[in-house]
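Would you mind keeping the following structure in view while I ask a few things?
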Amino acid sequence: MIEKLNLENISLAVGIIVILIGLWGLLTQKNLIKIVIGFALFDTGIHIVMVSIGYIKGRTAPILDSAVDVNNASQIVVDPIPQALVLTAIVIGLGITALMLSYVLKMYQKRKSLEINNYKDLKW
Amino acid sequence: MVGPIYIIAIALGTAFFLGFFKKANRTFSFGLMLLAMAFMTFISAQWLYAFLTQNQETVQIFTAGFKPPFSISLQMGFHESIFLTIINVLGLFSAIYLFGHLRDKGVNMMMVFVVLFMGLNVVVMTRDLFNLFVFLEISTIAIIGLILLEKKEDAISSGFKYLIASGIISGLLLIGIIAVYYYSESLFINDIIASKLMYVKGGTIATFLILIALVLELKPFPANGWALDVYESAHPGVGAIVSSASATAGIFILFKLLPAFSDSAYYIIAVIGTLTFVGSNLLGIKQNKATRLLGYSSIGQIGLVMAVIGLTPYLGDKTMFIAFGLLLTHILAKAGLFWLAGIVKSKNIRDWAVIRRNPHLLVLMGTFVFALIGFPPFPSFFAKWELIMQLANSSGMVWLAFILLGSFIEGIYMFRWFGYAVKGENKDLPEFKIHWNKILPAILFAIGLYAFGYYSSTLTGIAGKFNYLPLLFIVFLYAIDFLPVYIKNTISIAGVGYYLYTIYPGLEEYRLVFGLIFLAGGMLTLLAGYAYKGKRQGFYPLTIMMFAGLLGLIEAKTTLEFFFAWELMTAGSYFLIIRGKKSMPHALSYILFSVGGAYLILAGFALAHIDQNTFSLDILSNVQYYAPVIFTLLAVGFMTKTASIGLHIWLPGAHAEAESDVSPMVSAILLKAGVFGLIILMLHMGFQSFGNVDIYYILAWIGAITAVMGNMMAAFQEDAKRLLAYSSIGFLGYTVFGLALMSHLGWLAAISLSVIHFMFKTLLFLAIGGVVWRVKTKEMYKMGGLIKKMPFTFISVLMGIIVISGVPPLTGFGGKWILYNAVLDKGWFFPAAAVFFAGIIAFLYCFRLIHTIFLGQLKDEHREVKEAPFWMLVPQYIILGVIMLFSALPNSLLKPIGEILLPYFPDGALEWQGQLAISAFGYWNGKLIMFIVVGIFVTVFAWLWYMNRNAQKVKQFNIGYSAERPSLPETTHFAYNFFAPYKKVLGFLVTPVISNFWDDVSEGIHAVADKIRRIYDGNAQNYALHIIMFVVVFYLIAFGGFYGI
Amino acid sequence: MKEDFKKRTVISPDGKPIEIDPVKDYFSDAKPKVYKPAHPVIEKFANWARANSLWVLGFGTGCGAIEMRPLMTPRFDAYRYGIQWRPTPRQSSVFVISGYLSVKTLKRVVRTYEQMQNPKFVIALGSCTINGGMYWDSYNTINRLDHYLPVDVYVAGCMPRPESLLTGFEELKKIIKEGRGEGANKYAENFDWYKANQKKIIKDWDMPDYNW
Amino acid sequence: MVKKGFILLILAAMAVIIVGAFAGFTGNTDLGYVANHYASNGASEVGSANLVTAVVVTYRGLDTLGEVTILFLSAAIVGFFLKVENTDNKDRKLKYVSEILNTASQVLVPIIILFGVYVFINGHLSPGGGFQGGAILASGFVLMFIAQPKKEISHKMVTILESISGVSFVLLGVAGIIFASGFLDNTILSLGKFGTLFSAGAIPIIYIFVGLKVGSELTSIALSLKENQNEA
Amino acid sequence: MEFSIKNIGYALLTIFIVLNYGLILQGIIRKIGARVGRRYGIRWYQPYIDIIKNYAKRSTITHGVMFYIAPVFRLSGGIGLLLFMPVIFGSEIFSNFSFAGDLVLVLYFQFFGILGMALGAAESGHPYSAIGVSRGLSQVTSFELPLTLGVIAIAMQYQTLNITEIVAAQQGGFLNWTVITNPFAAAAMLIAFLGAMGRSPFDVVLAPQEIPIGPPTEFHSGLLGVLQLNRAIFPVAKLILFMNLLFGGATNWFELIVKTFFIYMWSVFVGVVYPRFRVDQSVRWFLTVPLIIGIIAIILIRF
């Protein structure tokens, strides 16, 4: 058990926990802004998970500067792909969050309410 | 050839470029956007063309100059090119459709629009998992943006729901992707497939997450409340895109990634797809908002396509054909319907009656609705056919049942909706305008449906065998619909006549008999059409559609042709029936029973096809498995058309409410299609039994009970046409009984009764139709004494009822006589007694019909009624002539039929000596009887006339009335509830048990649907919860069961 | 006049209004005809048959009606004389009018009489039909029936016994056999006179002159 | 309460699923073969010292194009969504802005913008890149909006900048097809000397456009929100 | 057998005999009925006089064409029914036109007259006519069912629908009569026969006291005369049918008269004993007891 408590496992676990907390917020909060925050948490949790997947113990960032030997880079750097992916994912998350917030803003403007239960006109 | 990468370049370039024109002329910007869409369409179409005609190889496009897996690569293969073309064509037309909106809303939305289609294109082409995720997100966000085209509160809140839902789904997808990346060390889909993740610890669940996320993108039932809200609130043009384009892309992703999943993923997809198909359609039936209804239907249809993909193990190499057929129909039809929704702008489906103000729109709507349900000649018809055939062939019976069930449920609300459009009240509804840009795409898509229908028919393996000539004739008649009735009527009669002339030499045996009933009968009935004035819009194409179907039945050599014709006939007759004034609910029940019956037939054919390579109708003769089941399915299917007891409730209303000259078509002619089907079935399959139970004996009982009940119901009707309709039910009962006897005489009776029924029912329906035409009511007790006003019609009816009641000397007796002999031959006395009892009950309604309408007291308001229109009388008197001929010379009818039957039933044939028929039991000389009866009659009449030649003519109130006198014709005409004492005794037999049963069924389904749809409570959070629950439930199902094994 | 017999306008199915005059439209307004007897030989045979087949229509509003019923019983058994009862004026040949006739019932009697077929015979039963009997000065009874209908036989008495009625029938037979039973033709010949008398009594005349 | 319990249960199940997906996660000891390829050959093939940049801009350039598009979409949608007709700034009630913030911002904003530009220009050499730089750029503008609410920035200018950079990005990508071996191939320009500013082919140029685009998009979103706030 | 001119002569002879027999039978039966009621009753020739009287009526009215030809239908139905049956077994003369059709023809030809009469009666416009027809048709449908069962049973028993053959099979003593050999079928048919004869308790159709003799209420004079002729011929034709089917037919006129008289008496007996049934009662009754008997008959034949 103990040996599993290495950095990547911990960060993975943290990521998953953040995901779940995000979902919890998303599913239980009644305030629209809080729901958006829940979503952002959910998103962030995923990003943490992504990053922890690419981690290799004891290696350095995938930048071939003076600290890294170009020819031996593959033995020294961590996986650059999850980092690239997480970059994209963050931007996507940003876009969605921005959209959500603008929707919330507009909804609030129309009805002066942030209570999610007030937006159930469409159903069945 | 232009590389597919330019799709991205052009789209994005345009999108970014449009930013310069924020304030510039928006029409110009739109033009630019349209150009981009057109170019994208061009590129994809060009590739498709290459794949289709030039044996183009699948092409990999590498970005950044590196090979995958190191860089993102795109793939352009045959399938990709098809999907891209579909998506881009849809995009192009959506753009045209949304012209006004996009222009008014500004450049931003145009950018979003272009980007959306770019995203969908890349989603289809990309071979990189993460790239797929990115562009999926692009298209999702773009759709959320497009929802705002309607800047209403509804749309905004539904957009928010969509955001939440898609956020969660994409989160799940991302978790899956990153886990997959960890296990396979690559994001290249080919690598992922190669690394067989389902066998890796954790990989199973990772792929499961991807799978479930992709499925969730397709809005599976029940985790799809958000999607429905979007469909309902978004602009219909956007709804079309969501329903068609993004769903198409979604389907393709699933298709693309399938090999990466465990084999049992097929089952999961199939289960989800089927569940969605059935569930979503079920909920749809309670829906009355048009766009939301379309949403339910869209989800259902996509579920079906999903199910087809999931059923690949069953369907083998036919999967693509089926999936494409269904998907294509769904896309074209659903987009078309959404677009119509945008034109009509009626939210409630009841208000769609406004669409009638432009009949061409109605034609479009009909095309789309019928295409969705899978009627010929649309691609979905062929796809569904193949689907059911393959499922049966590979023992997927449960799937088969569920898919047919789902299709049927979809039919319920689609046809209800269509019924409202055709028949609803449209007086107080607002006008709508039609812009060319909105209608053009719908028209093109409708044409596309027909074109692809034709194309699919060439792919089914029996290409070219279909007889498209009648269909062209329909189109022709539609084209000349602006002409007055008499021209179109002449052309129609000429057309039918010419066709009969051309096929006549090829017809033989029972096909000849039914061919004559269908076509010669059709011509005869069409004669009555001259009585109509004006244009009678739409009547002729629809009539010919029905006759084309009937003709197809006659000509069918294969099961597919047969089914094709069957469905065509159903559609045509449905349209004819729904033309009646109050026929909306009846047409609905007609089409539902027909569709249900057709599905049973389909299932029957499918089971019969197991292990047989040919499509010929002869497969029924050497069925390998389930013979009794097949027989039952087909028999029940055909009996929905013959309206046997239990399946009859559609008939009375449908026939009664139809127009005067339509009633004879649907009653006298159409019902024979069922008889024809039964004949084919019985000839091919011979005796069948469940264990010791002889199915034919059951059939005989069904026929007998139908006869009794039909006639009994007829006796208690107040509505003249309804009475005739029930009488048809009863008479068809005799026919079924006769067929069930499976002997020479039984069949002779059945077929000759069919001919006779055709004659007198045409006669009576035309005659009564003429009366109704004049007096404008169908309630018999409101008429009376019309003999003085309509003597010619009276004679028709008189002869008609003498034929019905089987009283000698007219030809109806022949049928009874043969039936007696057949029964004695066979020995099934109890059903036979019921049949004869029914024959006696026929007197009740016969008398009532003639008495209440023609005899008794003439009503005030009918004092100036004229004789029925000349052209309605013409066919009647032609038929009367034929009846007299057959009565006097029975062997002119019976002998040829007997000879037809000889090869099938050599024993027990009648022996003919001139006009004397001799059976094993008795004999009958129709000619002699005719002469004797006429002789006696004339003699007595001459004598009486001589005796009382000076009789004083009196008027209707000159009756002995206990020293009083009548005061009103209404109170003197004994007509209402005529057989009250009889009803007192036997009325319990006619309690509408069966109608109540079907009502309960229908209400039950509606109640269930209503209960279930409460889960869509409009709360975005709950929708999110549904999604997560969906994942959990299917996780439990998959991993509690079989996934990954 | 009864509401139902007033003129009315109805709408035909085509939407056109139609004028209805029930008395004209629903009743034949032909005048009665005089039917000449056939050749004497045939007529004599026919009269024999008519006399031996007396189909009776009873009109019983007065007390005398009760005396008609016993004729059907074993005690009197009128059937043996060829006398039978018919329920409808169309088929009957003898009209037995019993007792007093009020203005109201006279209308019915006239109508019924006219619905019988030629030849037809009338037996007036009881004194009331002769002179009004005990109701002679009533404001609403008629006193003498043969002002309104040709009567073949009067059976006097207040009220007459069944035996008297039987005698009346025998008398009628004799009259018929002698060829004097031409009441119907007499009615037709003197139609105007009879009608005038009837109309004098019956104030609200709302039917055609002759009820076929 | 029952519902919350139920949600908890569902989330527990969800946790099981997610943990299950990573059940085979044992940590890495070595790079996967794709990553290995990048690490081994990235320098020579792409010429970018920052491997992440190499992956982002070149190997997975299409992703980048996609994410730029997403931002673009968001900006366009938010812009459309929150478009304020008849903007009338005079009626606006603006919150009081402290003097310190105001003054500090005047100093900080140029520096932030400069830093942002630095970050995306050097994206192929050091941590950072177009997105990061763009974000920094935007944050500078956001600071400006907060500190000087009355200061107007032409939204149109921002959009045009966004469009120019977007079109340029796409054109560069297309140039890759024409002059090099594929869409977004950075070798349209010479790779230059590894580790210098003018190296890695088109990456710096692309990153400049990406940076500008991201910056302008984020600014644009912020602008839209700002312009709209008074309607609330 | 082929049709020839002399058949017409034979037919007229048969009609003449049957007409007279029918009229006399009618008179005698009424006389018997009167005697049961301790009356002297009509003269036996009273039916003749009534017919002559009706023809001697001078005036006639007509309600329309159907009204006018209804009696024609009625009488043609009666005569036809008679002529389509072999009246005297073994006699070529009195087999009439039975070579034109078999038992089924006879069964269905019954309705020719009924239907025509119903139509004419209805055209008179009299509500009582229509009520009478309604009752009549209701009753007909109900007793037809046991009748049909009986006929099927008999046809099965003799394996033929040919009436002559059925009669032939019953020759050789009364033990061969269907009524002995197939008692259940005979019982069902004889009960149905009560309905067919329209005598009490099944005479609600005419019900003189209630709906003045029902359907023919408007018929009079010559029209009624024709109907009266039919009332002489039609019952006899029916009697002959039942005699042929159940009682071995008749080889001479005497046998015919005796048998038909007793068959008729069966309905008379029942008639004087039972009061009138309402329509619903009679329908209910026909569809219970006789129906069950008929079913038993079929079962016995079948197994």
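Here the chain labels run A, B, C, D and E in written order, and each chain numbers its own residues starting at 1.
Here, a contact is a pair of C-beta atoms (placed from the backbone, for glycine too) under 8 Å apart; a residue touches a chain by one contact, two chains touch by 3 or more.
The structure displayed is predicted, hence computed values, not measured ones.
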Quick one: remove subunit E in your head and tell me the pieces the remaining chains form. one piece
Count of steps on the shortest touching-chain route from subunit C to subunit D? 2
Smallest number of contact steps required from subunit D to reach subunit E: 2
Farthest chain from subunit D, going by mean C-alpha coordinates, please. C
The chain whose C-alpha centroid lies farthest from that of subunit A is chain C
Chain with Cα centroid nearest the overall Cα mean is chain B
Does B-E or C-E have more contacting C-beta pairs? B-E
Could you please state the distance in Å, as a whole number, between where the Cα atoms of subunit A are centred and where those of subunit B are centred? 50
Would you kindly tell me how far, in whole Å, the mean C-alpha position of subunit C lies from that of subunit B? 69
In whole angstrom, what separates the CA-based centres of subunit A and subunit D? 16
For subunit E, jot down the residues that touch at least 2 other chains. 59-61, 212, 217-218, 221
If a residue has to touch 2 or more other chains to count, which residues of subunit A qualify? 19, 23, 27-28, 49, 53, 81, 85, 88, 92, 95-96, 99, 103, 106
Multi-partner residues of subunit D (each touching 2 or more other chains): 7, 11, 14, 18, 22, 25, 32, 34-35, 38, 59-60, 63, 66-67, 70, 73-74, 77, 81
One finds touching chains in the pairs A-B, A-D, B-C, B-D, B-E, C-E
In their shared complex, at which residues does subunit A touch subunit B? 19, 23, 26-28, 30, 32, 35, 39, 42-43, 46, 49-50, 53, 81-82, 85, 88-89, 92, 95-96, 99-100, 103-104, 106-107, 110-111, 116-117, 119-124
Residue positions on subunit B within touch of subunit A in the complex are 130, 134, 137, 141, 144-145, 153-154, 156-160, 163-164, 166-168, 170-171, 174-175, 178-179, 181-182, 187, 225, 228-229, 232-233, 286-287, 1013-1014, 1016-1021, 1024-1025, 1028
Sort out for me which residues of subunit B touch subunit E in the complex. 785, 787-788, 791, 798, 801-802, 805-808, 813, 816-817, 820-821, 823-824, 827, 829-830, 832-833, 836-837, 840-841, 843-844, 846-847, 850-851, 855-857, 919, 921-925, 928-929, 931-933, 936-937, 940-941, 944-945, 947-948, 950-954, 956-962, 972-975, 978-982, 984-986
In the complex, subunit A touches subunit D at residues 6, 8-9, 12, 16, 19-20, 23-24, 27-28, 49, 53-57, 61-65, 70, 73-74, 76-81, 83-85, 87-88, 90-92, 94-96, 98-99, 101-103, 105-106, 108-109
Residue ranges of subunit E in contact with subunit B within the complex: 3, 55, 59-66, 68-69, 71-73, 75-76, 79-80, 83-84, 97, 99-105, 108-109, 111-112, 114-115, 118-119, 122-127, 130-131, 133-135, 137-138, 140-142, 144-145, 148-149, 152-153, 155-156, 159-162, 212, 217-218, 221-223, 225-226, 278-280, 283-284, 287, 294-295, 298, 301-302
